[in-house]
Structure formats: C-alpha cells, structure tokens
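Presented below is the structure to which this report refers.
Note that the chains are named A, B and C in the order they appear, and that numbering of residues resets to 1 at the start of each chain.
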Amino acid sequence: MDVELHLKVQDLNARYVHAIDEDRLEQWPEFFAEDGRYRITTVENVERGLPLSLMYATSRAMMRDRINSLRNANVYESQRYRHAVSTPLIEPGSDGVVRAVTNFLVARIMHTGETTLFATGRYEDRIALDGQARFLEKTVILDSRQIDTLLAIPL
Amino acid sequence: MDVELHLKVQDLNARYVHAIDEDRLEQWPEFFAEDGRYRITTVENVERGLPLSLMYATSRAMMRDRINSLRNANVYESQRYRHAVSTPLIEPGSDGVVRAVTNFLVARIMHTGETTLFATGRYEDRIALDGQARFLEKTVILDSRQIDTLLAIPL
Amino acid sequence: MDVELHLKVQDLNARYVHAIDEDRLEQWPEFFAEDGRYRITTVENVERGLPLSLMYATSRAMMRDRINSLRNANVYESQRYRHAVSTPLIEPGSDGVVRAVTNFLVARIMHTGETTLFATGRYEDRIALDGQARFLEKTVILDSRQIDTLLAIPL
C-alpha cells in the first residue's frame, strides 16, 4: 500500500471541499487540469447509461464562467454547503494518474440557519498526482434525483 | 504509530461501505471470515447488558441467506444507503488481530429520491489483517432504538 | 508530506469525538493543554469579526466546571451526539505546534430515538504534538446561527 499516495488524495479532497464550504468558489477551477472535466449526474442515469448531466464543464474556463454567473446572479449568498467526505478507495494507474472513489454527504445551510441533508453520493475521480495534485476528471454521482432544480453551487 | 495498519483498516472500511452503498450486497459476506460474526444492536442494549440483536449472523453462510432473502423479497430495490465513515480508532492486538471503533452516519435514499438521516452509531470490529483483511466480528451499535422495523439492508 | 503527523492528528480527532459521543465527558478537558482554549462561535460572527461565543473556556479547570454543571443539571442524559469528522487539512508550524482545520457533521439523538442533523461546521485547531497530543486551542465554527439555545454538550 502506497501510504503517501493515499494521503495525497485525502489531502486533495479535503482542500477541495473546504474551498467550496468556505465560499472560496473562485478557487474551485484551480483544482482541475486546464482541460479537466466536471460532471454532476445521478446514480439512475449512470445505471441506465444515460449521458444526462445536471452540471457539466470540460475546461477550467467553463468552470470560471460558471462561478462568475453564480456571483453575479447572487444566488450563492443565501446558502452554504458543508461536506462530510469519507476515506477514498484508490486504484493507482499508469503515468501518475490515480482513480479514486469517495463517499460524501453534504449539508446545506440556508442564511436563515435552516440545515438539511442536501445531497449524498460518491465522487468518481481521475487525478494527476505529478506536481500539484489536480482532477483530470471528477464525476459527482448523486443518489437522489430530487435535487436538480436546487443545484447552484458545485458539489 | 503503525501507519500501514491504519490505512489498511481505513481501506477495509471504505470497501465495505462502498459494496453496500452500490448495492453489491452479494459481496457483503466476503468481507467476513468464514465463521465471522455480524450483529446489529443499540447503545441502550449494550449499556443494559442485553443480548438483543436487530440482525445477527455467525457465519458467511448465514449472511448469504440473508442477502438471498432480501433479493427474493425484493425489498432492497426501493432504497439505498450512503455511509459517511470517520477515521477509526485502532488498537493492535496479538496474532495480527486488530480492534477498531469507527463512527458512521448513514443516509437512506428512497426510490422517490427522498433522503433522510437514517442511522448513526459506531462499528466495533475485530479484524484479521494477515492476508486479505477480513472482519472476524463486526458489531453495529446504533444510537437510536427507533430503527428496527425499517432495517432491511445490512449497515 | 509528513505521514505520521497526519495520522496523529486524525487519531486525536477520532479519540476526541468518541469521548463525547460515548458520553465520557469527564475526559473532555484532558484533550486540552492545562491553559487550553475552547470556543464555539458561528461563521457569521467570524466573518463580521465579532468576538461572540456560544461556549467559552480558557483552561481545563473551566472545562471541568462546565461538565460538572452538565452532570448536576442532568440535561445531558436526554441526548447524544454522533460526529462525522472528515480528513483534516494540516499546516505544520514551529515548535511542534500544528494547525488543523476539520469539517464535521453532528447528529443529535434524543432519548426517544429521534435523530436530527444538529450541527455542521469546521474545527480550527492548534495542536501540540510533542508527547501526548493535545489541543492548545480549539475553535468550533458553526455554519448555522439557529443552534445556541439548544447547546448543552461540547461539540
């Protein structure tokens, strides 16, 4: 077992969710490679082989646009996320690329203070670990299909 | 501190909850020794010294029967779990056997998409780490006693 | 990356939350240095620079008083917490002192069995790792401001 590799992935996950949870959304694209892919879908879509996405980006530039829209539309200010992220399952690949699967639970806190269990699911990630660790691909697979209309901030 | 031992236990926990959360229940008995024990009880039962169990198995064969019943009764299809598992507390023993205590929160997602915080508690495990890591004994201690009639899938 | 340091902090976090979740509250002050500081506040207070606290202690003696009051007032028996704690973000400092930031979700279980997502937020800690690992300072930053009147047990 490659101990350092495990901790690098855990550390990347921790930095990723803290940036979101602390509303440092401008940093979000920086966790991805320049042509990194980000997709939110549901377990139902995955099991049926459907290519549907609730959020989709294929570059850092698209992610920056997304955050700009959010900030201007001012939607994000009324809510916050808090992630609980479990230990990832890791499968080392070739060329310094690692696959990781990670469970998450996300609470949403409205500006009134109302707190709900907002989203659950797993991340399926491909990560480049040479140099600064970055996501080549991050697929967020939600357990529930009831979430789409409420989804503003990336997960 | 034995770093590798800690990560082996974390890895076993991660594989265990992923198998359940992704509905690969046929793999569930394989996480146990042939004569492994699995028990779900409540903190109230433990504190009163009561031997009551909400689910109980003393071998892989019994666990396979449980899963067969579930599949045939077709109950499991209407719901899913998602576990958040914290870092285990580990106490190395003799003969390659380790004791681990691990907090968990489990969300339940109905096929309608309705998501609730379903169960909380701790795992108290005895784990054999020589060769393939396996549970010799896994006791699931639930914080709440309100759960029993709803319990279909192992936790 | 200092692997052992990461696991020491994870282990301290795990022991800390287990002591609380298993109602061994008398052990709670022992996780702090003799003049350790403990404070619960909200993200709103932090962002506005307000020094308001929902709970505050500047020594182990004050923490022991707090637990004594709890036990005598007998409030704590009617409820339990269960923490889900994520991987900490760690920043090593000088003199064996480490800064750690850790996400948490806390479920509260009433004696009736009713379970709710009670509190979410992050720990911002300064930890002394020479000898027995201990908190020099622990700040609990809650995401929601709706919690104060319900807060009995430390988080």
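Heads up, the rule we're going with is that a residue touches a chain if its C-beta (ideal position, glycine included) is under 8 Å from a C-beta of that chain, and two chains touch if they have at least 3 such contacts.
Because the structure is predicted, anything quoted here is derived from the model rather than measured.
A.B. asks: Taking all residue numbers at the chain A to chain C contact, is the shared part over half or under half, that is, same or different?
C.D. replies: Homomeric contact, different residues on each side for the most part.
A.B. asks: Give me the rotation angle that lays the C-alpha atoms of chain B onto its copy chain C, rounded to the nearest 5 degrees.
C.D. replies: For the C-alpha superposition of chain B onto chain C, the angle is 120 degrees.
A.B. asks: Suppose each chain is reduced to the average of its Cα coordinates; what separation in Å results between chain A and chain C?
C.D. replies: Computed value for the inter-centroid distance: 27 Å.
A.B. asks: What positions in chain A touch 2 or more of the other chains?
C.D. replies: 3, 84-87, 105, 117, in rising order.
A.B. asks: Looking at the complex, which residues from chain B come into contact with chain C?
C.D. replies: So the residues of chain B touching chain C come out as 1, 3, 6, 43, 84-89, 101, 103-105, 117, 119-122, 143-147.
A.B. asks: Given the complex with chain A, which residues does chain B contribute to the contact?
C.D. replies: 3-4, 7-8, 10-11, 13-15, 17-18, 21-22, 80, 82-87, 105, 107, 109, 112-117
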